[in-house]
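In what follows, chain A forms one complex with chain B and a second complex with chain C.
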Partner chain A sequence: MKLWFSFIKELKLASRGFYFYIEIFMALLILAVLLFAVPENFESKQTEYIHLNLPEMNKKIYLQKIKKMDINGSFEEVEIEVDNKLIQSKFYETEDKKIYIINEKDDLIKLADKNRKLGAVIKLNKNNKLEYEYYLQGYESKRLKNLYLISHIEDTDTLIKALENQDVRPLEADYDTLTDRENIIPIVLTFNGALMGLFIIAAYIFLDKQEGVIKAYAVTASSVWQYLLSKIGVLLVTSILSSLIVLLPIMGTQPNYLLLLLLLLTTGFFASSLGLLIASFYDNIMQAFGTIYLFMLVIIIPNIAYIIPGWDPIWVKILPSYPILYGFKEILLKNGDINYILKVSLGFLVVGLILFAISNRRYKKTLTV
Partner chain B sequence: MIKVKNLYHSYSNDDNYAVKDVSFEVTKGEIFGFLGPSGAGKSTTQNILTGLLELQKGEVSVAGYDIKKIIPKMFNKIGMSFEQSNVYSKLTAKENLEFYRKLFDVKTRNPDELLRLVGLKGKENKKTGDFSKGMKHRLTFARSMINNPELWFLDEPTTGLDPAIASEIKNIIKEQNDKGVTIFLTTHNMYIAEELCNRVAFIIDGEIKLIDSPKNLKLQYGDKLVEVEYIENGNLIQETFSTVIKSDKKKLQNLIGKHEIQTMHTKEATLEEIFIKVTGRRLV
Partner chain C sequence: MLRRIISIFKRDLKVNLKDFISLYIFVIPVLFAIAINLFTPGINDTTINLALLEGENPEQVRYFKDFAKVELFGDIDNIKSRVKARDDIVAILPNQENYYIMSQGNEPKGVIEFAKILNSFYQLDIQIEDTNVEIKDFKRTIPPLKKQLVNTAILFISILGGMLIAINIVEEKVDNTISAINLTPTTRKTFILGKSIIGLLLAIFGSLVLIFITGFTDTNLIQLLMIVFVSTLLSLLVGFIQGLNNDDIMNAAGSIKLLFLPLIAGALAIELLADKWQKFFYWNPFYWAYKGNDAVLSKTGSWKEILFYSSMVLILSTVVYLFLAPKIRKGLE
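Entry: the complex of A and B
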C-alpha cells in the first residue's frame, strides 16, 4: 500500500518535472524522423560508371544487353556534373545496379573518384576478347578485389551459368526481415526506452537529495526499498509509454507486445537499478556527470556492431546494450526467437535484483550524506 | 523514552569525534533541551537517535527500540522536525502532508487542521516551491506531528521564524507536552529552552558539560545581577554588574560614588548567562 502511494506521488512529481516530458518529446521526435525523414528502405543499389572503349558494333551489342536488364527496358538520357561542366550520359537501372554510360574516360575516372563509386572501362584486347579495367577507391577489401579479378578470367557466360545453378534458399520458410526503418526501432527501444532510465532516475535522486526529502522519508514507518522501487516504477511507466509512441504507428500489431512489455520491464528495471547505484555515490548531478557520461559512451558501442553487420567482437557482446538490442529485434521479427527474449529478460531481471539490493543497502546507510 | 550510553560519533571514522562519550536519559513526558553553540554536535546526536546516522559506538534505545537494528515500525511512535526544511517543492503543502501521512500505520492527523495550526491556512494548495523559508520550516514542523508521535524530535523549531510565529510554535510544543508527548528539543535559543524545558543539557565540542533543570541551575549559578543606568558626560549609560564577582563589586561601588544614578534594578541571571558562566563559551 505504502509502495502504491509512493508510486502515485512519484508519478505526480514526474508529471510536474521536465524529465518526463523530455522523454515523451524525444519519442515523438524520433517517431517523426522515422516516419518522415527515414525511407522505408535505404538505397542499396550499387552505382557504376562505365566507359565503353569498343568498336561501334560491339558497343551496340553491349548496350542492348544492358537494356534488356533494365527494369523499364529502356535507358534515360541524363546530364551529370563533372568538374563544373555537364555531360550527357545514358542511365540504366537494373534490379541491383544503377549504370551510367560515360563517353569520356577522363570523366569516368573523375566521377568514380569524386562519388566514391565503381568505375569501369570496357575494351577489346588483342584476341578480340572483352577486357575490364576497374577504378576502385583503394579501401575495398582484398576479397572484393580478387572477386573482380576472377570474375573475368572466365568467360562471362560460364560464370552466369554457374551463378544460376546455385540454389539460394532461406533457412526458414517464413523468415521475415525488417525494413530498414523497422531495423532502427530496436535502437530506439534500447536507448530511449530501456536505458534512458539510468540517467533519468539518477536525475530524480539528485533532485530529492537536494531537497532533503529522502531524510524525511527515512523517519517514516515505510522502508527505503519502497521509496526506491516507486521511483523505478515511474521510470518503467515512462519507458513503456515512450516505446509505444514509436512502435505502434510504425509496426502496428505485428510485434508481440507481451514479450515487448517483458523485455522493457526487465531491462528498464536493470537500468534504473544501475542508475540508483551510481547516484548513491554522489551528492549532485555535477559530481556524477563524469561517471554517467562514461557509462553512456560504453553503452552506445553495441550500436556500431548492430549497424555494421561485419563488426561484432566478443567484448561488445558482453556490454548490456548488446543483448537488449538483439532482444528487441527478435520481438519485432515475425518469427523471433522467443527463447532468446526470455533468456535475456531473465538475465536482466536477476542482475537488476542484485543491483537493487546493493542500492537499497547503500541508501539505507548514506541517507544523510 | 530515550537512553543514551557512551555515545561516540566520528564523520571521518577516526578519533576526530563530533560527539564524544555522551550519556543521558530522557523520561516519559518531559521536555529535554539540548543546548549548545553551532557545531557542538546537537544535530549529530539527534540524527543518530533517529537512525539517520549510523550508530558507530555506544548504546542507544529510543521509544523502547534498540537503535542498532532500526525497524520502520519504530517511526510510528516518533516525529521529527528537521533543522533544514525538506518538503517536496513540486507538491502543494497539502499534498506533502497527504502523502506523508500514508507512510505510517497509525492514526494520523488531518492535514488541513495541521496547516491551520502553524498559520498556513489559505496556502494549502500552493506549491511549496513558492513558499518562503519560514513557511517551509513551519510545514516541516507540522509534518513532524502528523502521526501523533509519543516522542517528538525538534531540531531548531523556531529558528528563522518571526517572533509572533515562534511564540505560536512554542505554544504548540507546550500543548503537545501537556498531552503527554515526550520532547527532545535541540536549540541555541536559551529563552525557548528556559521556558519550555524540564531539563537541559549543555553540549560543547561534542561533550555534555552538565545536565540539570533550568530552575536548579538558577539556584546554583543564578547569583543576582545589578543593572544600573547612570549619567556620564551627559549620556545615559546602562551596565550590568555581578554582586559576587569582586571586580564587579568594586566597579559598582565606584560608580555609585562618582555618578548620578538614574535607575538600579536587581535581576536574575538568564540561562544564557549561566551557560556562558558554566562553559566559558557564548551561544552563537
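Entry: the complex of A and C
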C-alpha cells in the first residue's frame, strides 16, 4: 500500500516535470519520422558500370540479355557527370541492380573509382570467348573476390537451369517478415523504451540526493526499496507510454500487446536496476556519467548485428540488448516465438531482481547517511 | 576578456578533472576508435553463413570455405537447431545423389539466393582456377562501414561536448554561482565563451584521436576540423540552452538525449534511403555534418563541397540560435 502511494506521488511529481513531456515529444517525433520520412522498404540495388569492348554483333546480343532483365523491359538514356563533363549512358534497372553502360573505358574507371561502385569491362579473348575485367575498390573480402572470379565461367543458361533446380526446404513455411520500416521499431522499443531507465534513473536519484529528498525519506515509515521501486515504476510507465505512441499507429492490432507489456516491464526493470546499481557507486551525476555512457555504448553494438544479417559473433549475443532487440522483433511478427519472449522476460526479471537486491543493500547504507 | 575566458575554462577543467569525468571523456574516443578497429574486419565480410555435416564431404567443405563462412556439425539435429537460431544461417545437406538447402524460412531473400548460387557452382564443378575474370582494384583498404562508424562517432563526440557543457552549467546553477557571476566584471559573452571551450576541446581532441587510431591519417585534417568545429557549435549551443533552462540534471539530460535522434536520422537517411527521400532531411544540421565528414573521410571532398556543407550546418545552427537567443539571455539573468 505504501508502495502504491509512493508510486502515485512520484507519478504526479513526474507529470509536473519537464522530462516526462520530453519523452512523449520524442516518441511523437520518432513516429512522425517513421511515418513520413522512412519508406516501407529501403532501396538496396547495387550499381554497376559496364563497358562493352565487343564487336557490334556481340554487343547487341549482350544488351538484349540485359534488356530482358530490366523491370520495364527497356533502357533509359541518361547523362552522367565524369570529370566535369557530361556523358551519355544507357541505364537499365533490374530487380537487384542498376546498370549503366559506359561507352569509354576511361570514363568507366573514373566512375567506379569516384563513386565507389563496381566497374566491369567485357571483351573477347583470342578464342572469341567472353572475358571480364572487374574494377573493385580494394577492401572487398577474399570470399567476395573468389565469387566474382567464378561467376562467369559457366554460361548463363546452364547456370539459370542449375539455379532453378535448387531444392530449398524451409523448416517452417508461413513465416511472416517485417518491412524495413517495421524492422526499425524493435530498435526504438529497445533504446527509447526498455533501456531508457539505465541513464534516467541515475539522474533521478542524484536529483533527489541534491534536493535533500532522500534525507527526508529516511525519517518516514517507508523503506528504501519502496522508494527505489516507485522511481522505477514511473520510468516504466513513461516507457510504456512512449512505446505505445510509436507502435500503435504503425503496427495497429497485429502485435501481441500483452507480451509487449511483459517484455517492456521486465527489461525496463532490469535496465533501471542496473542504472541504480551504477549510480550507487558515485556521489553525483558528473562522476556516474562516464560509466553510464560507457554502458550505453556497449549496448548499442548489437544494433549493428541486428541491421547486418551476416555478422553475428557470439560475444555480441551475450550483450543484454541483443535478446531484447530480437524479443521485440518476435512480438511484432505474426507467428512470433512466444517461448523466446517468455524466456527473455524471465531472464531479465531474475537478473533485474538480483541487481535490485544488491542496489537496495547499497542504498540502505548510503542514502541515509 | 581573453584572460577571463581562460580562467573560466581553467576552472572547468579543474572541476572536471576532480570528478574523473574528463578522464572518461578523454578515454571514450580512444575506446570508440579501438572498438571500430576491432569490429570492422568481421562486419565487412559480406557473405553468408553455411552449416554443413562434418565428415560427410570434406571436398565440398573445402570448396564452400572459399566463398562463405562455414560451420560444421556432427548430425542433422544439431544442424536443425543451429538453422533455427536467431541469426541467418542456412544448411546445405545431402539428399540421395544431390544436396538440398535447409533454411529457417525467415531469412532475407538475398541469403537464400546466395546459397542457391553457391550450391549450383559446386554442382557444376566450377573452379577458381578456370576463371575468365581479371580483378583490378583502386587499392583502398578502409571499408565503407568503418568510414560510416568513424563518421557517426565523430558526431557523437560533438554531442558529448554539448552534454558536458549542460552538466557544467547545471552544476553552477545548483551551486548558485551563475547569479554570482553577474556581480563580477565578467560579461555574459565572456562567460559563454569560457564555458564553451571545454566542450569544443573535447570534440576536436576526440575527433583527432579517432582519426589517428582508425587510420584515416591521410585525410585533409583542416577540412575535417572545419566540419567538426561547426557541428560542435550546434551541440554547444543546445548544451548551453539545456544547461541554462533546466534547473536539474534530469531535465538537461533528457533534452540532450533529443539530439541523438537527428544525428541517427541524418546518418541513416544518407546511408539507407534513396535519393527521393533525402529532401526530407535537409532541415537537419547533422545530415549536412555527416555528408561533410563523409566527403572528407572518403578523400573526395573538394573545398567547394566542404565549404558548402559547413555553411549549411552553420546556417542551420544560426537559425537555432536566433530562435533560442532570448532564452539564453533569460537563463543568464
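Here is the rule we go by: the second predicted complex is superposed on the first by the 362 of 369 C-alpha atoms of A that agree within 3 Å, B and C clash if a C-alpha of one lies under 4 Å from a C-alpha of the other, contacts with A are read in each partner's own complex, and residues count from 1 in each chain.
The definition used in the following text is that a residue touches a chain if its C-beta (ideal position, glycine included) is under 8 Å from a C-beta of that chain, and two chains touch if they have at least 3 such contacts.
Values in this document were obtained by computation on a predicted structure and should not be read as measured data.
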| Joint occupancy of chain A by chain B and chain C, clash or fit | fit
| task | Between chain B and chain C, pick out the one touching the greater number of residues of chain A. | result | C
| query | Of the partners chain B and chain C, which touch A:39 in the superposed model: first, second, both, neither? | reply | second
| task | Using the superposition on chain A described above, determine whether A:113 touches chain B (first), chain C (second), both, or neither. | result | second
| said: With both complexes superposed on chain A, which partner does A:9 reach: first (chain B), second (chain C), both or neither? | reply: first
| message | Contact-wise, after the overlay, does A:79 reach chain B, chain C, both or neither (first, second, both, neither)? | response | neither
| said: If we overlay the two complexes on their shared chain A, which of chain B and chain C does A:17 touch? Say first, second, both or neither. | reply: both
| task | In the overlaid three-chain picture, find the nearest pair of C-alpha atoms across chain B and chain C and give that distance in Å. | result | 10
| query | So which positions on chain A get touched by both chain B and chain C? | reply | 17
| message | Quick check on the complex: what are the chain B residues that touch chain A? | response | 47, 50-54, 72-76, 78, 80, 82, 84-91, 95, 99-100, 102-106, 140, 143, 147
| field | Residue numbers on chain A that touch chain B, as the complex places them | value | 1-2, 5-6, 9, 12-13, 16-17, 211-213, 215-223, 365, 367-368
| field | Parts of chain C lying in touch with chain A, wherever the complex brings them together | value | 16, 19-21, 23-25, 27-28, 31-32, 35, 39, 42-49, 66-69, 80, 83-84, 86-88, 95, 98, 100-108, 110-112, 115-117, 119-121, 123-124, 126-128, 130-144, 160, 163, 167, 171, 174, 246, 248-251, 253-255, 257-258, 261, 265, 269, 272-274, 277, 280-281, 298, 300
| Can you name the residues of chain A that touch chain C in the complex? | 17-19, 22-23, 25-26, 29-30, 33, 36-39, 42-43, 96, 112-114, 116, 125, 129-141, 143-154, 158-159, 162-163, 165-177, 180, 199-200, 203-204, 206-207, 210, 284-287, 289-291, 293-294, 297, 301, 304-305, 308-313, 317, 326
